[in-house]
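Below are two complexes that have chain A in common, paired first with chain B and then with chain C.
Right after this comes the complex of A and B.
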């Protein structure tokens, strides 16, 4: 695998990493798989289209995650908190319904057509990476993912809120007894998780284009990442996302005829080897 | 009590059964001369949602345009054209249900069905509905091959005709070493196989053939392989969102800058121009219709269409219009709206259309019409097509599909 293919794997893995971190955080705290995560990502991409049309891509990179954070807060207050005593399957089904509604609303607003989002002109060309010309925009995705990963891990490990998130993700009841405001922690986590989905959507817009099926397509990959990484573990999801991006790219290069099966084979292999995923119950 | 109930139910059931069988006593399908003045009732069954809904809307617009045009001139051989629409979710089962309901309401001619799976499911049910279908969009070869039906007619080119047009046109393209990027689907594999054989025939080389699953979003690894393959031409068989992703990512990698020819199969089309942008200027692609065709019928059609709709017609609307013209010509020839007589009239029907003279082949009910190789050009700030090669049906599919048994 040459350098260009290695960077392809890293770029794809970086995008999966941003998206799966949010999903893993929500799962870790609420214990529910947020099936609307793909739709939130899709909403982020459509908002990127809208904001880029009106102002610039750089503005979209700030505005879309902020709007998604508000949507996440609404989901926490309207769904997760109200249904916290119900079975996880019921909440999962409700989130599946939310995903369907959200996708339909997006199509009603922006239509069925595939929409273009132009990468910023400064990043429209290629950059020379150790003698290999590689699209500059993809390098931006890798860069953003690295910054996001380092910031998130430092925040979770060093800050007081991070400590509370890790505690609540391990044991909600004990955290409550110890005086942690789990509702507030949950609001922060779901809003941040949705904002990360929005950020991934904005970054994906010039990369994949914007179209109605984009949320569903990537949700399956992200679910595999979260399960293989260790359900609820943000660090595990990050490692699994990068690993899956690289393995998928290697599969496309070396075994193209069965490459489509690679993510599923990886998930099965990881779960057989480590049933609770790569990171087990470690949060960060 | 049970006997009384039975006595009441049996006649009702018998009546329902007769209705369901599509009795030939239906007012719109009576014998010679007796249906004079009966309406020509057409049911359009497009999807109301999903990515194909926009095509469904355009197909309905085109049929209504054709109906209005005919009705202004006194109808088709005196029969007033009536259009009824029944929208579906685009699944084969829903389409068949909607068609059955429409035929029970008196419609004997069905169109507006978009996808090949829907057309395939519908075709098998047509005899029991006493109806004929006009497929103006579904290109799957099997619809006029193994799945053909005596009541089903295709008025658009099939996949084999389009691929063969590309094979015939290959020597007009400058690239010598080709890389094939295809969707891992029957159409992708068939097109790649025919292209490879055609390239060999004209002394060109295929240096790389690779398949990506349908709904692939990340083409980086495929594009890097093409770049390192030494190819100076790309033949891409990628549809819809996959095609857009391939083109956009290819442009980010500067893939197309190093290519002498970029040839698409069903990859570039008018509805995708806004999503693809100027990146596709100079790209070649198969096309079924272009509004610039210089013949009196087309010039008149484009003028009238533009006056009515404010835009130029494109392949979806033009192909639907050709479907309507085929039905209208058959009704005129049959002098009846009886589906059995119209069916007989359609076999071998040859007439002048907006794409020149076309013939409905009796052996498989596949229309014989030209296929075109187009090149995207930008004129007046707008993307459009320039026809590079016109290939007649005698070269793209000279004989009926032998797997079709009508």
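Right after this comes the complex of A and C.
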């Protein structure tokens, strides 16, 4: 495996990391597996197409996550908060339904075709990484993911809101008794989780193709990452995402004939070995 | 001197000790009269159902009925597992698809007779279910869902590999063909695609599945399963083995899913990777939920509704939109699915009629 392949694995892992940290955060707080996360990512990518057409990719990088944050807030108010007395599996199934609806609505708006999104011209070429020419745009993905991961972990560990999030994820009832406004915390978390899904969608748009099946494909991978990393653990999800990206790439290089099976086999092995995931119950 | 040893009899008789460890007695919901009455009703339904092709003469509607029954059997298998043991599976396509492929490979490539192929396919799917179940039924809640999803998708990826194109046909799928003299339930290769002639096979399978599910649900075993679903730890403390019953339920469920897969392959005379796809896994689960898996026939109704919607909406491409809406509505508003909602409403109306009558009499 040479350096370029390693970086490819990192870039894919970086996308999974951005997505899965949002999913894990929502799961930690509401106990619900957000099956609509893949369609939020898809919406982010289609918004990236729309905004890039009108202005520029850099604008899309800001605007799409903001729109997705609003969608996330709507989901929190319309679904998670209203159904918080229901079983978590039921709410997860509602989100599965929301995903089906959202994906079809996206296709009704933008059509069935694969849409092109051009990387910004400044990053069109290649950059020299330790003597290897590598597409500069993919370095941007890795860079954004690193910045996101570091700031998210710092925010969770240092800020007051972060403290509240960790407390509420650990024990919602006790946090309520101690005066934490769990509804407000949840609004922040779901909006942020959706915004991160949108960010991943924008970053993925020039790298992969923007097409109707993109949400479902990535959802399966992200679910595997989050469960294998330890449901609700953001740190565990980040590590598992990078690991899966690298393992998948290694599979592509060494055993190309069955490489697509590798993530499933790894996930099944991890879950059978540790049913509660790699990180167990730690939040961040 | 320690007195505790003297107060507690140091030697409990062996018989008493085993009585302490034995699980609490569980009443079965089945006595001989209930069983006989249930079987009687089943026989009547079986016979009446065989005349369906005489009532529905329209070929399209007959096709919907037949395909609906086949999907209904798959939904029943998922609903049974969800209802009786609380395990929501997104991977029953593994057994459904494996069985369908098993049948296609056995008939087309090994030249087995279709009857042999059906037995092979259903047994194969069941054994696969037993092996997978042995690993996964311990996994709780959402992890079970993701694990089954991963297994189903792994199988899907395996089947579409170019390296197995010779066996599975990769993305092209496989045609099911068998010898000119071989027959299934009196049907040759050319007649089996006809919905009206295929109907008896589907209907008999369906009634057998319903009877089995009814008996299992009411039996002592069904009660134990529900106890485990409600509180696994408490069931274990009460002396029940909580692993084996769940494994049996999972295996039975995979056997029924395999039966649906074999029927599908026979009817379509064709097997494609779609039988293993995420969409099939999601839609069959949605059929079980929308129909209402807490009732015996709910998933079947869901399956028929889905096939009907598919035939109405396939041109516009909006099937996915409406399955999504149906799922949200069923979970949020119709708790217990369509069938649960109808029976609930029926009960409420009857209660209201009864009270108004009483009021009028006064």
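A few points about this structure:
By definition in this document, the second predicted complex is superposed on the first by the 284 of 284 C-alpha atoms of A that agree within 3 Å, B and C clash if a C-alpha of one lies under 4 Å from a C-alpha of the other, contacts with A are read in each partner's own complex, and residues count from 1 in each chain.
The rule we apply is simple: contacts are C-beta pairs under 8 Å (C-beta built on N, C-alpha and C of every residue); 3 or more make two chains touch, one makes a residue touch a chain.
From a predicted model like this one, the values you see are computed outputs, not experimental measurements.
By the touch criterion defined above, A:2 lies against chain B but remains apart from chain C after alignment on the C-alpha atoms of chain A. In the superposed pair of complexes, A:101 makes contact with chain C only, with no contact to chain B.
In the superposition on chain A, contact of A:260 is made with both chain B and chain C.
With both structures placed on the common chain, the touch criterion links A:125 to chain B but leaves chain C unconnected.
When both complexes are overlaid on chain A, the residue A:92 reaches chain C alone and has no touch with chain B. Residues 107, 257, 260 of chain A contact both chain B in one complex and chain C in the other. Residues 33, 83, 88-90, 92-94, 96-105, 107-108, 216, 220, 223-224, 227, 231, 257-258, 260-261, 264-265, 267-268, 271-272, 275-277 of chain A are the ones that touch chain C when the two sit in their complex.
Chain A meets chain B in the complex at residues 2, 4-5, 8-9, 11-12, 107, 111-116, 119, 124-126, 133-135, 137-138, 206-209, 211-214, 217-218, 248-249, 252-253, 256-257, 259-260. Chain B makes touch with chain A in their complex at residues 49-54, 184, 210-213, 215, 217-218, 220-222, 224-225, 227-228, 240-241, 244-245, 248-249, 252-254, 271-272, 274-277.
By the touch criterion stated above, chain C contacts chain A in their complex at residues 88, 135-136, 138-143, 145-147, 149-151, 153-154, 157-158, 161-163, 278-279, 282, 286, 289, 317-318, 320-321, 323-328, 331-332.
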